[in-house]
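For clarity, chains are labelled A, B, C, D and E in written order, and residue numbers in each chain start from 1.
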Amino acid sequence: DEIVVSAAASLTNAFKDVAKQFEAKHPGTKVLTSFGASDVVLQQIVNGAPADVFASADEKAMDKAVAQKAVDPATRKDFARNGVVLIVPTDSKLGLHDVKDLKRADVKRLTYGNPASVPVGRYTEASLKQVGMWQTVQPKAVLAQNVRQALDYVARGEVDAGFVFGTDAAIMPDKVKVVQALPSPKPVLYPIAVVARKGVNPHAGEFVKFVLSAQGQEILAHYGFKKP
Amino acid sequence: MTGLVVPLLLSLKVAGWATLFAAVLGTAAAFGLAHWRSRWCNFVDSVLTLPLVLPPTVMGYYLLVLFGRRGWLGVWLAHWNIELVFTWQGAVLAATVVAFPLVLKSARAAFEEVDPQLCNAARVLGSSEAAIFFRVVLPLASRGILAGVLLAFARALGEFGATLMIAGNIPGRTQTLSIAIYEAVQAGNDDLANILVLVTSVTCIVVLWLAGHFLPAYGRRGSKR
Amino acid sequence: MSVRVHIEHRLLSGQREFRLAVDFQTEQRRLALFGPSGAGKTMTLQSIAGLMRPERGHIALNGTTLFDSERDICLPPRERRLAYLFQDYALFPHLTVAQNIGFGLKPGWANPSRRRLPAAARRWVDAFELGHILESYPWEISGGQKQRVALARALALEPRALLLDEPFAALDTALRRKMRQELAALQRQLEIPMILITHDPDDVAELADEVYEIRAGAIIGTVDPAALALRGDPRVQAAA
Amino acid sequence: MTGLVVPLLLSLKVAGWATLFAAVLGTAAAFGLAHWRSRWCNFVDSVLTLPLVLPPTVMGYYLLVLFGRRGWLGVWLAHWNIELVFTWQGAVLAATVVAFPLVLKSARAAFEEVDPQLCNAARVLGSSEAAIFFRVVLPLASRGILAGVLLAFARALGEFGATLMIAGNIPGRTQTLSIAIYEAVQAGNDDLANILVLVTSVTCIVVLWLAGHFLPAYGRRGSKR
Amino acid sequence: MSVRVHIEHRLLSGQREFRLAVDFQTEQRRLALFGPSGAGKTMTLQSIAGLMRPERGHIALNGTTLFDSERDICLPPRERRLAYLFQDYALFPHLTVAQNIGFGLKPGWANPSRRRLPAAARRWVDAFELGHILESYPWEISGGQKQRVALARALALEPRALLLDEPFAALDTALRRKMRQELAALQRQLEIPMILITHDPDDVAELADEVYEIRAGAIIGTVDPAALALRGDPRVQAAA
């Protein structure tokens, strides 16, 4: 038996591990994973991609999926929590200590995900608006197409600072330095749901259950995700 | 090791089929355009070039809308039990659409270079127009067409925007080399990315190099120099 | 045997206009078109072969109408079944000499094999001394060899008529004489009409019963083949 | 409305420069390859085709590594005050690299079709090799080269993977039409996406159509048919 | 005036081998190469013009060494400054007749203008009756017109020698006679060597002082121009 799991890009490393352990527990079942930016995955599912499970990086993408009747709302559960952090290259000489420092004239360029399509960008926008920095930061921004691109720009020192998920920053501890965790007006929650289509795969529900189980949560914690 | 072989074979399969389709369709369309003497000719040509102009992701999005479960072509194909979304056949579709204009333009230029006097010679020798195409025009245009086909192959091998959209990124099933490279770069896994790039490059160079040896011999008329 | 040609055509190239208005009719089987360079000889022959569609007129061969602008008849070249020798040879550059000669003898969508020569072509290969270059490509042979290949290719087909545009121009005297005899023999054997363009009075003397003189696009009359031979050649005038 | 005009003009500027560079470099390289009679010739050709094979994003990644603030070419260019990352010049670089092989392959096929006898004719008439190139070879190959250049223009206009990587997505500064379309599609903003696609398509069709009219007149030798 | 040619070359095409071993030396100014189709006449002329590099040998013209395989000398065609008429014309298809004729007269990297004809070319345009087709492209003119354009293009340059490969093959008798006279006049005026390939005894009689007969790649001896005229023509034999 096979199940196809479509998930947000930021879940790549964690969900590959989850899939492996799920297969170990359910011999004979094969988990096929497909990762992409949450909104891309959403579009594929809405257009009838034969996926069984959808895991998104924010509520908005999942809301759209529900609205388009692409997933079964009864199965929707939040399964992980994350946070947005401000990062700089490890060798940064600017000496930034706080989001407010981004006002300084010697901070020329910074990056975050495009709020129009990338969950991490939407969270960043909300946080910066809360601390009254959005107007200052926006003109200096280079929009990234997803979290990992923002991370890459910072890691290569092409920009002076950037906003990413805490779990992503943890991937390159030797290249980027976390300056500050941002307060968020709404929690950074990851929802999961079974895709609605003819002849629902019986293993889909089991996979969701496994992600929510103690074993699944342990794996996610290993990759830096917190409990919802 | 299998982590390399599976996407490599998949890439070759997808690029191979896509090149075949693009070559046949592109050559046929080019021949039509080269002989259809109308003001609309260049217009149709430009329209057929569009798959090259639109960003592949966008191309892929439209293919998804068209061939998805709810798309009207998708619904139609479902009757025949053909599913394109999230399958390697979908990747072939994406690569074909994107590679098609490359064959079209090269082949059209090549067809228009063929001396019409030679077609006349074949005509008085009793050949039908179809026979003239296969016996005179096609061989004489083969160099230009081949250039287009090689470009198409390279493009199909490198295609990933549209593929990612319609075929998804499923290791072992739709994860081609290009998508694997993309994922490795995104994951910050530079070493794997470099290895994959090397494999792709070597594959492509080998295939193009081999193809270079099949250039028709009569093309070597320059050897007198 | 009858040939009937009545065509009008206008060609523009930049400012220049060329008017073709050729009209002749004969029961003779062996014709020659004779006239200065640029007079419209090749164009007349191309019209008969169906390679050019004149604006007005009609063309009939042995009672078969090949072209009639009024009745909107224009047989495609393929159905006219004529042998045509192109002035510039028009050999297929991607085929060997053997394949070029065998081209018309092999029906279908594939070219003849690179080496095997159809039996019907053998006669011409031998007559025109082409045996040793059968495997060469057109760019590997000399000018006169090209002309002989083109002639062999045209004649191999058992055509309904022969249209030859300066068939011996690139050949030396000895070869020319030999090929002229071959051609006359073929023509006697098949009993088909032949129209020949040539500047050589010897060709006319040996191969034509009637000679039309063409100037600036129009037939200006017939010439006696024997008289032509004398008119054309100052040496003969001196010797005579 | 300005939301359309700014990316449109930017796209035309970027695609225009990229096409120019790709045309000149591609033609020069093709001429070199067509005349360099060596076993390595096809190999070099294949290597130069690589920018087409690698996924554009990966191409962009390598360009970033090379031309970025810490890349060795980037450091060198910084001395001359040239900055490519996050500027429209960077977008030109990306589009040029990606479009280059299209000109190369088409031009090479076209050059090899030119009858060497005509070069000989020019030689005995006293022309230098450079003059032969400009007076005989280039005009005779122009149809094939033009086909390649048009492909390059279309590709440059549609380029977005590599551009996004090196030039970034800065509205009003490096946000080309392609990137704007990508953004709209990703954001699920279908109406905006459709309008942008329409603008791109019309632009491309118009440009390609116009270019079709500049085809050299002597190419119309088929008109006798 | 002296011409010295001693060359050896081997050409392979498939299984077939052609060996060229031409050797002659003369103080005469007007030479003709004469021989059957495929004998190696064109190849000899191409070697002299520098379009082909023979494997071995040397070529000298009026004391200037053009080619010497032992001293590794091989002047590029451009520096040999010879007029060469190609047997298949080799007109530039992208240029008009005027531009073709003016090609060699216009130095630099741009082609001559589409209409204006350089003064030096005017003489040949008039002599060869090309005035009315100056703006036509090669595919818009007749076979004989092409040949005259090619000849005008070659002669317009004031060359150091004339190499002509069947210059009148596609022309009618009247034009042929006229052009022969023009050529003889030019040759007298410039006092340059001329090597002519022809199958026409009249050409030889009027334009050559010495005739080399070439067969299967080798010179087999000289022929008397007058004797050639008689040998070649059965009609004259009959009349004599």
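The criterion applied here is as follows: a residue touches a chain if its C-beta (ideal position, glycine included) is under 8 Å from a C-beta of that chain, and two chains touch if they have at least 3 such contacts.
Keep in mind that this is a model prediction, so the values were computed, not measured.
**Q** Indicate the lowest number of steps between subunit A and subunit C, counting one step per move to a touching chain.
**A** When the steps are counted carefully, the minimum from subunit A to subunit C is 2.
**Q** Touching both subunit C and subunit E: give me those chains, sorted by label.
**A** Chains in contact with subunit C as well as subunit E: not a single one.
**Q** Relative to subunit D, which chain has the most distant C-alpha mean position?
**A** C
**Q** Quick one: which chain's Cα centre is the longest way from subunit E's?
**A** That would be chain A.
**Q** Averaging only over C-alpha atoms, locate the centres of subunit A and subunit E and give their separation in whole Å.
**A** Each chain's C-alpha centroid was found; their separation is 80 Å.
**Q** Determine the centre-to-centre distance between subunit A and subunit D, using the mean Cα coordinates as centres, and give it in whole Å.
**A** Centre-to-centre distance between subunit A and subunit D: 36 Å.
**Q** Report the inter-centroid distance (CA atoms only) between subunit B and subunit D in whole Å.
**A** Taking the mean C-alpha position of each chain, the two centres sit 19 Å apart.
**Q** Report the inter-chain centroid distance for subunit D and subunit E in whole angstrom, where each centroid is the mean of the CA atoms.
**A** Once rounded, the distance between the two centres reads 45 Å.
**Q** Which residues belonging to subunit B are in contact with no fewer than two other chains?
**A** As it turns out, subunit B has residues touching two or more other chains at 61, 115, 185, 221, 224.
**Q** Residue numbers in subunit C touching 2 or more other chains?
**A** 88, 137
**Q** Residues of subunit A that contact two or more other chains, please.
**A** Only 40, 43, 149, 152 qualify.
**Q** Throw together a list of every chain pair that touches.
**A** A-B, A-D, B-C, B-D, C-E, D-E
**Q** Mind listing the subunit D positions that touch subunit A in their complex?
**A** 61, 64-65, 68-70, 85-86, 164-165, 168-171, 182-189
**Q** What does subunit A use to touch subunit D in their complex?
**A** Going by the criterion above, the answer is residues 37, 39-40, 42-43, 64, 109, 111, 114, 116-118, 141-145, 149, 152-153, 156-158.
**Q** Which of the residues in subunit D end up touching subunit E in this complex?
**A** Residue list for subunit D touching subunit E: 115, 117-118, 120-128, 130-131, 134-136, 139-140, 216, 218, 221, 224.
**Q** Which of the residues in subunit C come into contact with subunit E in the complex?
**A** Within the complex, subunit C touches subunit E at residues 11, 13-16, 34-38, 41-42, 87-88, 96, 132-133, 135-137, 140-145, 147-148, 165-166, 169-177, 199, 201-202, 205, 229, 232-236, 239-240.
**Q** What does subunit E use to touch subunit D in their complex?
**A** Of all residues in subunit E, those touching subunit D are 49-51, 76-78, 80-84, 86, 88, 90-95, 103-104, 107-111, 137, 139, 153-154, 157.
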